[in-house]
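The following pair of complexes shares a single chain, subunit A, combined with subunit B in the former and subunit C in the latter.
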Partner chain A sequence: MKMSSLVMQAVTGSAPAVDLHVYKKRTQFGEVWRRFRRSKGAIVGLIIIALMLFCALFANFLFDYNTEVIEPNYDEALETPSAKHWFGTDEFGRDVFARVVFGARLSLYIGLTSTTSALIFGVLIGAFSGYIGGRFDSIVMRVVDVFLALPSILLALTIVAALGPNINNLILAISIANIPYFARIFRAEVLAIKDKEFIEASRALGANRNTIIFREILPNCLSPIIVQASIIMALAVIVSAEFSFLGLGVQPPTPEWGCMVAGARKFLLSSPYLTIFPGVAIMLTVLAFNLVGDALRDATDPRLKH
Partner chain B sequence: MYRYVLKRLVLLIPVLLGVSFVVYTILDFAPGDPARLVLGSKSSEAAREEFREEHGLNKPFVVRYVSYVGKVVQGDFGKSYRTGRDVSKELLNRLPATVVLAATGVLFAIILSIPLGIVSAIKQHSAVDNVGMFVALFGITMPEFWLGLMLILLFSSFLGILPSGGYGSFANLILPALTVGMPCMANLTRVTRSEMLGVMREDFVRMARAKGVAKRVVIMKHCLKNALIPVITVAGLLFGTLLGGTVIVENVFGWPGVGAFLVKSITMKDIPAVMGGVMLLALLFSLVNLAVDIIYAFIDPRIKAEYSNRRSA
Partner chain C sequence: MSEKLIEVKNLKKYFGTSKSRLHAVDGLSFSIEKGKILGVVGESGCGKSTTGRVLLRLHEPTSGEILFHGEDVLAFRGRRLKNFRAHAQIIFQDPYASLNPRKTVSEIIAEPLRLHKAFRTKAERHAKALELMELVGLAERLINTYPHELDGGRRQRIGIARALALDPEFIVCDEPVSALDVSIQAQILNLLQDLQDSLGLTYMFITHDLSVVNYFSNDILVMYLGKMVEMAPAVDLFANPTHPYTKALLSAIPIPSLHGRAERILIRGEVVSPINPPPGCRFLPRCDYAMPICAEQEPPVKEISCGHTVACHL
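Moving on to the complex of A and B:
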């Protein structure tokens, strides 16, 4: 790229120095962002995520949690959507819009905490296993294989069954169920990179194992992990809604989206909007993280650079 | 080939043992005294002690685990705390319903996704491709329980053409199978499309076209055969997600399968039943993946060659 553009400059006769200057300024992050921005889906995804984040952060400025989200108000029960109640009211007379907005807080909280903890543990396991190699690596990978032989929903169900249904156990279950995926992906990255010259150079300079793993390997293997994280984030939002729907996650009257759908089920035929709105919220959130994940994958894939 | 099948079967044993150990260990963390749970809080200490003795609950963890595995190998999953009946009998009664649901879901996913993926790839960036990818994206993003409820709303309530629940006839099966197969269908469409796009740019495809082979033949024979190999692997892995999906979908449609039993057992803290249900679904998942690997070996001449060469050498 650099060479060919230099040749181009030579042919067209414009000053090459200016061009080189431009190239120097383009960082890895800038390059990925430039390619990421080109995807329409990515922008849509980012806008939805920003909207959800806004709801999550400012929910208590928009609505009062106790009076509008939790406490019953039977005078206004089961009202259809109107100017006063945008998404209508549920059987307890609570404003569905307010509950959906507060639901964003819960879903993003569960998604972020479970994905982050799965990422941290997965990356640590993958990094040490891949870098140390040998017998340690094969033992760790056999254990990871066993966990992968159990579909992640079943593993999460088992953990919830043992610990009992509440929000913290749900987060724990989702993160444990996803650790093996991160570990396997990160290990593959480490294996691909650990014999490269710059790692050898670092070792020759006297860097110890931890320095090499955290300073050299980690920053160079991040992109597939970030892509995976956005996909796991989407999955975590779905799983938390599904578990809460089954009564195995967040419990009513907490305004979790899956929990709301479970409560609205009795009124599916008479008041379908009670089921539709929380579901749309789940779908939009999941869609957003999937779109961002897809765009990130394309933007960080060196094969699709041009 | 039989050597390959045998090897895969043998390799399955340690994995299943590992899975059983993980599940047993996790469920051992369950708080609460099973004896008190089953006999009630008014029961005498002597009766509880007798219960623990009978179920081997007062033995050390390793002894309990080994004897559990020993019994499971003989098809005995213990007795349900809730009903007192054999867990294995309860599971066997419900297994056919889950298998039918999962198999119909997979069938639906494959029948729709592969043609859709191929057409999307051949007509890349066309209207068909855009619509196909849009549908696929929504199939991935919709949570199954919600999709199920929406289908009930559309097909049973507004159109009134399909039942919203129940079990027995083919009409009862359609909506649950659609729901359970949808995420799988969406994923497979995307994989088929991207694999086809990759293969269509290979040199041997251009070569075949240059030789004068008809486009249709090249796509069906040269491209599809090569693109299907990763598609089949993904289909096997997706079966795990699909089995997890049956747990949720069975609860939406009141489908009398293993998943509905599992969720009920979890809410009732019926640990032997939970363990049995999880183990059975994990076994099913492993067997399907084994079958996929074997099919894979039949399709992929590289694996076949490796094993036939070794035997002749």
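Moving on to the complex of A and C:
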């Protein structure tokens, strides 16, 4: 009887019950956003990322991939920037602006997928290693140490060299190289939290290991992971450009920024804009993710709460 | 004589490796009758909290037996264990550490209901959470606040509501008021007492505050370094303490009186390390009445009157 009336109140919030919607919860996300947006750099970073995302999502509507981005058009080769071709044209007469726009799609795709998969696997490894502890933890962490001891670029290079240069292998290589960083950070977070009394309370209530890790511990460790993800994201964009520049990643004529810079090297003195525009695109993207990462770190630091 | 709800026989819990072992709980036996309150007192590090946690299977005991309604708790696995967890709950000492800072009050209180699939819909769980909040005296408007926005007393009420969510019979109260202000302590103690009366709960009340157990408990168990020192009905223990340690503890309770001071028995020295303790009485190095036999033999547990047991050679 009493129950059902309470249900009614909770569902409808009608009189004479107090309207529960008044007691709105202030979410963690809301708090972080409030502090995040006070940083000018963060806003600049967000705008750049939004712009890149826009290019990546709507590249198809701006340019036609086959005729403008891939197909040579020797009549218009090596034109300087103009109203028709904002960033000029390359040695095959392809519009550099169109290629940079399509390059955003590729870079963001590689960055996002490799960061996400590194994050998921890193968090899983860190969570179980830290939570289970003991010998299992020691073994897993020594393996992680071995991966950390190798420079991540070298590791990625080895993986690509072994598997062959293409986009999927590049993504695989970047994510494997970054899993140890996520695993390390997340394990440290888990260790700091797993002996708190609220975890014990959860066990006393009958929660199993997975429930505790994903519902009790994970929400308390998200901020350093998100910060790390934004930094790894910037790194992934650089590494994919580097590898494509070296011919180990995306292959021409695909419009990858690193690939474009590599192709334009020959014209560095005669047509410098060919290298400048994709180079600036790489720089802006990396800068944007670093700005956002820095601001996120500050915004999620509980010691700076005011 | 009513039914024994929980019975503990020769419970031992050692921590550490085979080289050095910390004897946190060493051969403890007691039982709690249904609807009664057992107060467990002792100084820091004497194994009170460990005992409570072992009873709830939060730690696995090294050896010994725990019976709940006559059933072997240590044999519970899977579904049975989860079911047992619904019947036996814990209220923690530190209301700042025992609540997940990322969850709102209603999420914390509804968590046990979700885990045990007590209700099908979120709205039903929410309604039950509101009911529990009313039961423990939390205002409805706090439903969507986070623990860090509330004071210690309110947080402890959340912890109590969470423990009560599954209608348990037995609750381990692990120093539930020692982290709170004195004025709030009284409120929480009254709340716990009211709940015990109305819901017929059984408590194991762990504390280092003797005046609290006196006010609260039916029986009192005094522990020293993982061992039972003396156990007796509360009235009996306060009227007639037998063990030198109990005497000293009781004499330390401040008496609010204008005329003179009660004579205190001061205990010399410090608690010896519970790592690899020597044979004999654990209280020996600090005891005023030590005899040669105390160093050689562990004192036997003697029943000196009905329900009053003591472990001493005297």
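The definition used in the following text is that the second predicted complex is superposed on the first by the 281 of 306 C-alpha atoms of A that agree within 3 Å, B and C clash if a C-alpha of one lies under 4 Å from a C-alpha of the other, contacts with A are read in each partner's own complex, and residues count from 1 in each chain.
Heads up, the rule we're going with is that contacts are C-beta pairs under 8 Å (C-beta built on N, C-alpha and C of every residue); 3 or more make two chains touch, one makes a residue touch a chain.
All values reported here derive from a predicted model rather than from experimental measurement.
Using the contact criterion defined above for the overlaid structures, shared-chain residue A:I120 touches neither subunit B nor subunit C, since it reaches no partner.
In the superposition on chain A, contact of A:E242 is made with subunit B only, not with subunit C.
Judged by the touch definition given at the top, the superposed model places A:L287 against subunit B, while subunit C stays out of reach.
Of the two partner chains placed by the overlay, only subunit B lies in contact with A:L269; subunit C stays clear of it.
In the superposition on chain A, contact of A:G164 is made with subunit B only, not with subunit C.
With both complexes superposed, B is the one of subunit B and subunit C in contact with more subunit A residues.
The contact sets of subunit A with subunit B and with subunit C never meet. Per the touch definition, subunit B reaches subunit A in the complex via residues 14-16, 18-19, 21-23, 26-31, 137-138, 140-146, 149-150, 152-153, 157, 240-241, 243-245, 247-248, 251, 262-263, 265-267, 269, 271, 274, 278, 281-282, 285-286. Those residues of subunit A that touch subunit C in the shared complex are 2-3, 6-7, 9-11, 18, 20, 22-26, 28, 196-198, 200-207, 211, 216, 219-220.
Listed in rising order, the residues of subunit C touching subunit A in the complex are 53, 56, 58, 81-82, 85-86, 89-90, 92-94, 97-104, 111-112, 115-116, 123-124, 126-128, 130-131, 140-146, 159, 162, 166.
Against subunit B, the residues of subunit A that register as touching in their complex are 142-143, 145-147, 149-155, 157-165, 234, 238, 241-242, 245-248, 258, 261, 265, 268-269, 272, 275-276, 279, 282-283, 286-287, 290-291.
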